[in-house]
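Same chain, two partners: chain A is paired with chain B first, then with chain C.
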Partner chain A sequence: MAALQLLVNGVALGAAYALVALGFVLVLNATSAVNFAQGDLVMAGGLLAVAAAPLIPLPGIVLLPVVLVLMAALGLLLALAAYLPLRRRPPVSVFISTIAVGIILQNGAAILFGPEPRAAPPLFGDDTLHIAGLAVPEQSLAIVAVAGLLIGAQQWVFARTQLGRRLRATAQDPEMARACGVPVTAMILVTFAIGTACAGAAGLLLANRYFVTPTSGGDLILKAYIAVTVGGWGSVPGAVVGALLIALFEVGVSSVLSYPVALGALYLTLLAILVLRPQGLFGEAVRRRG
Partner chain B sequence: MAERRSAVILVAGALALLVYALAFASPYGLRVLTVAGVYALAAFGFQIVFGLGGALSLAQGAFFGVGAYVTGILGSRYGFGFEATFPLSMLVPLLLALPVGLAVLRLESHYFALATLGIAQVLHLLAVNLPELTGGSNGLAGVPAAVLFGRAVQRGLPMAGLVWGLVALGGLIGWRLARGRLGRSLAMLRDDPLAAATLGLDVGRLRLAAFGISALFAGAAGALAVHTQRVVSPEVLEFPVMVSILTIAIVGGRGRMAGAVLGAVLLLHLPEWFRFLERGYLVVYGVALLLTVVLAPDGLTGLLDRIAARLFGRRPRASAVAMEPPRPPNPPDGLAVDDLRKSFGGVRAVDGVSLDLRPGGITGLIGPNGSGKSTVINLLSGLERPDGGRVRLGGREVTGLRADRLARAGLARSFQAAVLPIGVGVLEAVAAARLAVDPDAATAEAHARWALDRLGVGDLAGQGCDGLPAALRRRVELARSLVRRPAVLLLDEPAAGLTDGEKAELAVLLRELAEEGVAILLVEHDMGFLLPLAGRVLCLDRGRVIYDGPAGGVRRDPAVAAAYLGRAVPA
Partner chain C sequence: MRRALPLLIGLLAVSSCLSSAARADDTLSFPVLVPLTGFLSLEGTSQRNGAVLALKQTPAGIAIASEVVDTGTSPEAAVTALERAAGRGTVGAVAASMLGTQMLAMLPLAGELKLPLVTVSGTASITEQGNPWVFRFFPGDAVTKAAHARYVVEELGKRQPAVIYQTTAYGQSGKAHLDAAFEALGVTPVFEEGVDPAAKDLLPVLTKALAAKPDVLVLHLHSGPTALLLRQAASSGVTLPIVAGSAMHQPSTAALLEPAELKGVCAETAASPISGGTPEVKAFTDAYRAAFGKEPDAFALGQYDGMTMVLEAVKAGARSPDAIRKALSAETFQGLAMTYKSDGKGNMAHSAVIVCYDGASRVPVLVKRYDDPTLAAK
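Coming up: the complex of A and B.
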């Protein structure tokens, strides 16, 4: 029964991590650039929800569209400032420019909000449901439902719509896509908007039960990065599965030992994976573009 | 000329700092200056591993923190003196860097960044969660002052003097490393790891050396930081330290020791002008970093260089006196290939190719596009690993050996598209091919000059590689192979894009090389160029050898004609 309880908690956490990793891997595929600011964007989404909550005294679910739109706009800004000017330069330039954006977000948030942990309102309610002996917080169910819905919506857009086909074409081979008349730059901007909106949504989902501080982005980017590495660099389903695995690992080890031990074990596992199986557990999805 | 100008600027800068420290700086100002020196020292190491080596190590801040904790723990808990704690503060980060580096340095750069960040996080967790050793999140207070020659180095001017003395020493060492063989080899593999490997540079070993050196510098800086602060806490292991080092190196100018000093002095003083931001001063670093990466990727020193070039004209590139590179003592006598195989997915790119390259012989390799010619060269030069078959270099088994080992064993290759580095001088680009064998960069340049002279392009030595016309690029590329005195030379379409006159010159040169005993494999489409030159010709079709015989017979061979013209082979 205790294991089942942990499973519920782990899946809820994993659903939020999956959104973070998803946003990271979408941008990675479209630009072959590592967006190091992804963790800080999650933090920004969380704090945005915290700031908006007093203005909109309704359940958190109403805040979701607001956060999504504002974060998508932030994503466009990120692409314009830190990616587009550097697209012809070596990939490490974008790595550094997004580190810079992360620093600005993190310390800007520290100036605006101070270092204390903040909590965003729950999505629907704060009650705990008792189902067959399990204590399931409503918020956990809501996180799983909302994250599942958003990931499903993203998958639907990518698989079924003209926009999605263009986004996938851009991710697969930008030169070829351009030759076929796909507006590649616009598609990259849209990808950044979607990726950042995913981060923002994750921020809103996490900021209730797990709180948010200006420095919480650091661990999140590492976890997104680990999820994508575990799932196979560039694989979208792999990133989601990787995120779930990480969350279950974290919840499981924390319950037996402690959170710092879980975190340490996670990083050590990452190092072991990098050394023994750098292509990830399920194989690398993208080869280096020549 | 240019050297003297840099030296004048450097001395003037040092004097200005000295005058400021002695006459104008308040005690607080001296402290900021001291910390700037500490960060400059840490940034030297980062310039070597990232600036030159291109490996984005996010562990530089962690090594700094480890150095700090070693001095803190040994100094405050066990009463060790400076003469023991300082070397140990450098040694422990090095001992940490070596096994980590061995494990992850061959990974692609984003994985390397991730792995080093992971290590940094583990160390931070340890510092917070092992209070018996580290004092936990409060850290350790009461670290003694550094004691030098029996006298305690007090805070203020003495400490600033010690730190900046070590900055001068470390900067000199870093500068010499950057300008010498190590720095040039690192820059070469940063710009093009594949080409670097085919020129005999061991990517892993070089990166490991750079990573180790970066740890030494970081550890020394961490130790000095603790002697300045007199306390050590987990803050030294937090990400802001790494961010500061990264920003200093990039804003100052990637790979430049002067850039590290300039960046450190500037960025450590910057928060003083943005006091109202309080602890959020790192926002300023973020903005500075972003602006530099986007607007001035060469950093401040790069900007200063450009301004100086505007004012005083371009610095002339160094020219060297030609010197013939020695032949290797026991060159392998040719390359024997037996039943070589390679598949990509389901496609058999190379299917049972055997060939024998003898010293003094020119062997032609022809075949329609996609028949596997370039794959054969990639397999022989170690860029791809064969699935099956044997390769022997002078009787020695070399099947599946890494590219750099094959190169050092006497094999050289050219690429179909000449891969000269961007923004590098011709002489330097050719000298890069000798870095794996010559004792120093000056010797390598003298040898490079010989190779350029021999190919009749000695007057290009002072020029840059960018903007050379195709024919000259090919010459420079060939000089890179020639300068290594290879026993076996693999050339991938060396005549492509040349005029008839240039082709004739190339033919003469290749004959000369063969007469000197080089075994040459020539992939070529131009039969008019190839057939008179080659003694023997192999024709590939879909990965298989369909003709192997004298050059004269190839035109009359029905299978070859069929492969080129697409007719079925008559049974």
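Coming up: the complex of A and C.
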């Protein structure tokens, strides 16, 4: 019974991590640049939800669209300020600029909100459901449902719409896409907007159960990076699987071994994957581009 | 641009000289060098606020100057801040970082510059360096963990504690002192495990702790993880008593939880100003709220008491860092949190309290006071 309860918690955590990793990998594909601000954008989304909660005293599910829109706007700003001016420079310039954006977000949040941990409102309710001896927080179920919905919607947009085809074309080969008439710069802006909106959604989902502080983004970018490396550099399904794997170690393995040992086991697994399957679990996209 | 650069350098030099000259009179400076950003920013902000509030009590006839510098979390930044502060006028004493690694880095320089460092750092080793310039106005782990263990064993009558601690230096030190205190009381924990502060879900460690059949949960975690574990314990229907570490007493920790989730939870701490007490503590709490719009915690009160003792020494005639050091070393001071007296190593605080939540409010009630619990345990 305890194992089932841990599974629910692990899937909920993995679903939220998947949104973080998804935003990271979308920008990576569209720009070939690592967005080191992704963790701090998650933090910003969480604190945005905290700030908006008193203004919109309704459940978090009502706040979610507001957070998505505002974070998408922040993503556009991020692209305009930290990516587009540097796109012709070596990739390291973009790495540095996104690190700078992350630090600015951290310090801005510390000034605006203070250092105290804060909790965002729950998506629906804060109660715990007792089902056949299981104590399942409503928020855990809501996280799984909302994250699944957002990931599914994103997959549908990418697979079934003209916008999605243009976004994929930009991600796969920007020069060819431009030659075919795809507005590449606009598509990059849209990608940043979607990726940052994903970060905002993850921030709202995580900030209720796990709280948010101005410094909480640093840990999340590391997890996103590991998820993408494990899943396959550039692979969207790989990022989701990688995120779930991290949660499995954090919740599942640590329930058998201790948390520090589980963390060590996660990094050993990462090393093993890098040695035995350097392209990651779903690494085909990278091979095609090479 | 070539002409402007020397002009700019000249202006900076002149303004620097003027600034130094302005402070070259009888003004005593009390720099506040604390971590306002990084992982200790919550506690560092409390420390800053306590120092700043104390320094508003300017003794009559003496000019006091103060500046606040964020030391972040790196030892280098703290040392640089101390060097810079020492170069600006006559420094009486420094309100110094509560981060142990920063204190350890600053101590040799403080000895060289002969500047008293007044801190609320809990790191035991800072007062074990044989450095006469450090004064700690917060009980170390030897005191607080002795009180923690004694409350569990002597007051609650529990003998099968499950200890969950943080894997950071703070957590390891607390765990080591808890082990020693429980051993002195003839109790062996049935479960002990460390968790990383980045751990998002604490249900695994909670499940394992409960499987060991404890009669009490003993926590030594940072603020966020304390709230996270208490929330998960409440939602899992855990009815065991929980005695947490000092992070629980911080109002910002309680603010993350519903009052019902706090029912039956107790915590050790140096003080809990929001719990009331004397009229002076209430006046401090009111002044703190008015100045910063926040609730004060034990770190703020400890630093307030420390800087107030420094100012009392100045009022009594101490006009140099060495005179202030001698006063801090020799005098007894009745602060708001407790009576402070150096043990010869710079440890000024020797008391701890236990506070408990009733499940109806986020303001804890003081239930037990331990004065010198380590010596009493011996």
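Quick note on the criterion: the second predicted complex is superposed on the first by the 255 of 290 C-alpha atoms of A that agree within 3 Å, B and C clash if a C-alpha of one lies under 4 Å from a C-alpha of the other, contacts with A are read in each partner's own complex, and residues count from 1 in each chain.
FYI, a contact is a pair of C-beta atoms (placed from the backbone, for glycine too) under 8 Å apart; a residue touches a chain by one contact, two chains touch by 3 or more.
Values in this document were obtained by computation on a predicted structure and should not be read as measured data.
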Chain B versus chain C as contact partner of A:V67, first or second or both or neither: neither
First (chain B), second (chain C), both or neither touched by A:A2: second
Partner chain in contact with A:V251 - chain B first, chain C second, else both or neither: second
Chain B versus chain C as contact partner of A:Y210, first or second or both or neither: second
Which of chain B and chain C A:P260 touches, first, second, both or neither: both
Partner chain(s) touched by A:P91 [first = chain B, second = chain C, both, neither]: first
Chain B versus chain C as contact partner of A:I151, first or second or both or neither: neither
Which superposed partner A:L268 touches (first chain B, second chain C, both, neither): first
Touching partner for A:A44 - first (chain B), second (chain C), both, neither: neither
Footprint overlap on chain A, where chain B in one structure and chain C in the other make contact: 106-107, 110, 219, 260, 263
Residues of chain B defined as touching chain A within the complex: 54, 56, 100, 103-104, 107-111, 113-115, 117-119, 121-122, 125-126, 128-129, 239, 243, 246, 250, 277-283, 285-287, 289-290, 293-294, 297
Of all residues in chain C, those that touch chain A in their complex: 36-39, 41-42, 44-45, 167, 193-196, 198-201, 203-205, 207-208, 223-224, 227-228, 231, 235-237, 252-253, 255-256, 258, 294
Touching residues on chain A, where the partner in the complex is chain C: 2, 5-6, 9-10, 13, 106-107, 110, 114-119, 126, 128, 135, 137, 206, 209-211, 213-215, 219, 250-252, 254-255, 258-260, 263
Residue ranges of chain A touching chain B (in the complex, touch as defined): 34, 81-82, 85-86, 89, 91-93, 95-97, 99-104, 106-108, 110-111, 218-219, 222, 225-226, 229, 260, 263-264, 267-268, 270-271, 274-275, 278, 288
